[in-house]
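Two complexes, one shared chain (chain A), two partners (chain B, chain C).
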Partner chain A sequence: MKLSLTTTALALVLGLAAPALADIKIGATISETGPASFLGDPEAKTLKMLVEEINAAGGVNGEKLELVIYDDGGDPNKARTFATRLVEDDEVVAVIGGTTTGTSMAIIPVFEDAEVPFISLAGAIEIIDPVKPYTFKTPHTDRMACAKIFEDMKKAGISNIGMISGSDGFGASMHKQCLAIIGDYGIEVLADETYGPTDADMTPQLTNIKGKEGIQAVLNPGFGQGPAIVTRNYAQLAVGLPLYQSHGVASDGFIELAGAEAAEGVRLPGTALLVAGLLPESDPQRAVVVAYKEAYEKATGKPVSTFGGYAHDALRILVDAIKRAGSAEPSAIRDAIEGTSGLVGTTGTVTMSAEDHLGLDLSAFRMLQIEKGGWKIVE
Partner chain B sequence: MPELLQFLLSGITVGAVYALVALGFTIIYNASDVVNFAQGEFVMLGGMITFFAHAAGLPLPLAALIAIIVTAGIGVALNKLAIEPARGAPVVSLIIITIGASIFIRGATQLVFDKQIHRFPAFSGDQPILIGGATILPQSLWVIAGALAVFVCLWLFFTRTLIGRAVLATANNRVAAQLVGINTNYVMTLSFAMSAAIGALAGVLVTPITLTSYDVGLALALKGFAAAMLGGMGNPKGALVGGLLLGILEAMTAGYISSQYKDAAAFVVILAVLFAMPQGLFGRKSTDRV
Partner chain C sequence: MRLSSKATTLLILAAVIAIAPVFFPSSYYFRVGSLIFVNGLAVTGLVILIGYAGQISLGHAGFAGIGAYACALAPVHLGLHPALAAVLGALLSAAIAFLVGRPILRLKGYYLAVASLGFGILVSMVLSNEAQLTGGPDGMAVPELGLRAVLKAIGIDLSNTEFWYAFSGLVLVIGAWLALNLYHSPTGRALRALHGSEVAARTVGVDVAHYKLVAFVISAVYASVSGSLLALQNKFITPDVAGFMHSIEMVTMAVLGGAGSVLGAILGAAILTTLPQVLTVFQQYEQLMLGLVMMLVMIFMRAGLLPSIARRIRGRAE
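Now for the complex of A and B:
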């Protein structure tokens, strides 16, 4: 009895003492391990690095940031538990996270109920469409990637295409999004093929596409090794039409996997971060992406990735909002995030509104072409 | 007509990959009736170790040799540390142990190497070979040749060598095999080493085509297992024919019906075959004496 009294007293003292530290507590639930770890790992590293950087420079509004970060391993159930813990036990003022669409969708209700602003790092358009008051996100959507690709096709006078899509989550979702808007560009899909995410050879599908009359270009929405194999098979069959890949493989690793020779001429929408060194001096994003790239590569010794960039942007948006709000009250932060205007991030220039909780337009994507094993901006 | 030929060449390429994986199942199955579900992990290790040894500056053949030897060592360790201590356990328990081992190897690879996808250059370049309007990559020929070579070696091993017959005898009746002077522990260790080495060789040959990462083993093992079941578990001829059949079935379905039903069609055929011939195409009939 005495012991429990002491503990209660201690807890009380600690509880009273806590606000005196006056840190701004922000939370994160990220998939640092598990199947989405190649996304979550750079995200977590970025958040830790930037929080340290911000605190070293004096914090936000004179207060230090405190980052509470959990690893949900890509499991929506765990993410939900951590989200509840962030809100109820850690009492954070805002949360960044939800590496995957699955984990993000699972935790949105927690933050909507608790009225704590949440910035997701996942791709799906469902996260912000329809708009929910406390939910925001930083990565552009699959639909925007489709739009960017179709715009480029239209410019080149292409009106009939073949599609070969991965049957994994990413490929299937992007395939759906592309078909939803393709009519707006007057483009028609004459051949629609799929392949499994672990398939080793796609020549039968590509042979059928090659054999169809009238096809002017081929689009491959996909992720992982599939697009690299498609690109190699495409060269093997000498299809000879323009090949478009998706933003899912916008990385140097893709060129390496497909081989510079097979990947020659492949076009895809990528972010400014991927081509940081190639951006002209006048580009508004240049300073931001070069600074982030250099800091990240120095801190971790690993090449920078688009996914870490999403976390970078989320934290920048949050810090900017807290500064403008002049307060660390969740509802004040929410209003300030919605008022974000002209904030330059790695994925694009963010201008949010009550109807748009993503705040990016098509200029966030750069149309890139692979040339001699490197990237070239074609716009 | 060039379409048909292209589908066939694609099927043979993929089928040879399956056959190589399926062949790896044969030896351990023959020695112990255990289906080794870590077989796909051996294939993955072959590819991953070769890549990292090659990236560290070693010439490709040496990197491949190191990968095969290291993987064979891991196979021996798997037998010594996990299978042998459970000696006397029912076959189902041993199979579950191999599933556990495969998860362990996958996790360890993730930590020791990384989570990225990798590829090393094809042995004889990437210039496609034209055959009657269709094309095939030189690396596919390597895989096909590899599958044939492993098949011939295994067939000779099981039918022409004393130690190969000792393996079969151990599977048939362990006690009787011991009574006639066969060192069954040695036979088990040897069969794990050989299976792992064949798996690693498969990994070395197929990686330029399929690419590799820490988690490719599971998918490869499933397809290899399906191929082995189709052909008849334990029979090298069955593994070869089953692998090629499965590959060609998939390619033809993708080419002529729809790529959506590629896997489904292949598995429907496998089910149909197994209903009619539960032992697979070339499986030995099991006769239980009462």
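Now for the complex of A and C:
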């Protein structure tokens, strides 16, 4: 008795007392603050909004959801501690999170050891390749973006391209993935340039590319402000060849940053969410993305983002799995997630299998073209 | 029999580490505990540098980064056992500290702080940018230490978090023991003398430059071992470990708890490691609270939490 009193007192003092019990407890560790907050913030808001929505509609299998959410600030070490806490202390049945590749990779061992299903919101292919039994993810990989771009190039009869890539994590990873599959499309890279994440002028690299004989198009894998500067310099130099950007800049912010005039005609792979209003009525994703976009913008007063969409899909996959499993046992949920089939999300239609813990194909991406400061679907 | 202050410190430390698990409601607390010990070890090194020798470094996370990445890289590229890799990391850190320390320890005060800051940022930049070697900002996996399996084979079956609690606790006690020994050694006395007054120390024959360098190298090894422990425990490492914020955190822990006292600095590490866990509800205010606590400690308890409180208690007793 005395011991348990001391324990309780100690736990209270440390502020670590376990919260009240709920029916189905799911966890999340998200980078709401810190350098990755532009990813994590919409993810956290989406999860909170959807859990409320689901509970208002009667919960899952008649039981209410409880979301335990921690902010890891983008620090993999903190994320690891929160992951341990979710599994060991909060005893959640499944976890969504890992906003960045670093945080995701750092926490995967925790879930694999504890046998708790985990759905990552980060991009890298390493998360699900090789397949780990309890780890899943929702965002498409860089490799898929490359494939989508190369398909479009092939259709346009382009076989020689120039590449200018950011040397940051995203740019470098996509550059590598693109080069790994480019041979399958019979496309050759004649000029391969890079720029630093904080560079303010890419004219020299683009001049090099412009000067190379035979280049038919330019591809710019990059993230943040770099691609906007490339786009502006590209227009200033009047290179005159088709410019392809990556899914990393598929947002309205990119058009603003690059300027509508410079961005005119730029092509990039984006998700259905970005062009929710432009989707035809017959599109299977239309209902889902429009509903999410409206709910999110109403709840937060902010424009919807692709990243929030990743969290949306993760929660939908999880809830769908719990429903089908008819139980909230971690191992039953895991099996059900793996059995996800034809679930329509914001990033695409998800069909998982024992070999594929992502479940998206190239139809997840839409080839978009920027026209008069807006988006146009081109396929 | 009256125990020496060294024995008392070690006894308190060992007793707290051994008894605390009785009160742990779940194994998550072992994780927090082991993080405290890992941070405590790095901070103990800073006690030698800041508390004993009176030199400031804002780049010690750089050494933690070297220790951490040694454990990730050496097993893959050199085929070393992770434990040997940690030793290699410590040797490498010592060598780098020696080379870097020689010129920068000629600087004083702010200049020394800024130079060490530059070193820390340099390491973190190399780790982020040499992606083909280090995996870049996305980090890389670290192999298993394998000691847990050995223990299991001889009948001691510990869970992962329990093992790391015990292991890093043990390393911390050893680290504290070495630091306390140093305090009472001729080297420790020389360090304290140059802390008091470099000129006075020089007049009585203390080789100031040499002893500053000794303190810098020793504290670098502490930071390196702490980085290795973190990497082996997490089995995954990113350049954040060498980041600027980590350096600042270490110094803050030391100053908060009391840079002149090993136990105080470990207390500082304990407080700052648990704070983010306690304040999850007020995540946005974490930095604010931290700043407030630091200011109050600096104004009212200039020697740091533990030494100030100990002095007050002693003052009342007399």
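What we mean here is this: the second predicted complex is superposed on the first by the 357 of 379 C-alpha atoms of A that agree within 3 Å, B and C clash if a C-alpha of one lies under 4 Å from a C-alpha of the other, contacts with A are read in each partner's own complex, and residues count from 1 in each chain.
Here, a contact is a pair of C-beta atoms (placed from the backbone, for glycine too) under 8 Å apart; a residue touches a chain by one contact, two chains touch by 3 or more.
Just so we're clear, the structure is a prediction, and the values are computed from it rather than from any experiment.
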| item | value |
| --- | --- |
| Partner chain(s) touched by A:353 [first = chain B, second = chain C, both, neither] | neither |
| Which of chain B and chain C A:32 touches, first, second, both or neither | second |
| Contacts of A:363 with chain B and chain C, given as first, second, both or neither | neither |
| Which superposed partner A:168 touches (first chain B, second chain C, both, neither) | second |
| Touching partner for A:85 - first (chain B), second (chain C), both, neither | second |
| Partner chain(s) touched by A:341 [first = chain B, second = chain C, both, neither] | neither |
| Residues of chain A contacting chain B in one complex and chain C in the other | 167 |
| Complex contact set, residues of chain C against chain A | 22-23, 25-29, 31-32, 35, 129, 131, 136-139, 141, 160-161, 230, 234-238, 240-241, 274, 276-280, 283-284 |
| Residue ranges of chain A touching chain B (in the complex, touch as defined) | 35, 37-38, 41, 167, 193-196, 198-201, 203-205, 207-208, 211, 224-225, 228-229, 232, 235-238, 253, 256-257, 259, 261-262 |
| Residues of chain B touching chain A in the complex | 3, 6-7, 9-11, 13-14, 17, 115-119, 126, 128, 135, 137, 206, 209-211, 213, 215-216, 219-220, 251-252, 254-255, 259-260, 262-263 |
| Residue numbers on chain A that touch chain C, as the complex places them | 3, 6-7, 10-11, 14-16, 18, 32-33, 70-71, 73-78, 80-82, 84-85, 87-89, 100-102, 105-106, 109, 113, 124, 126, 167-169, 172-173 |
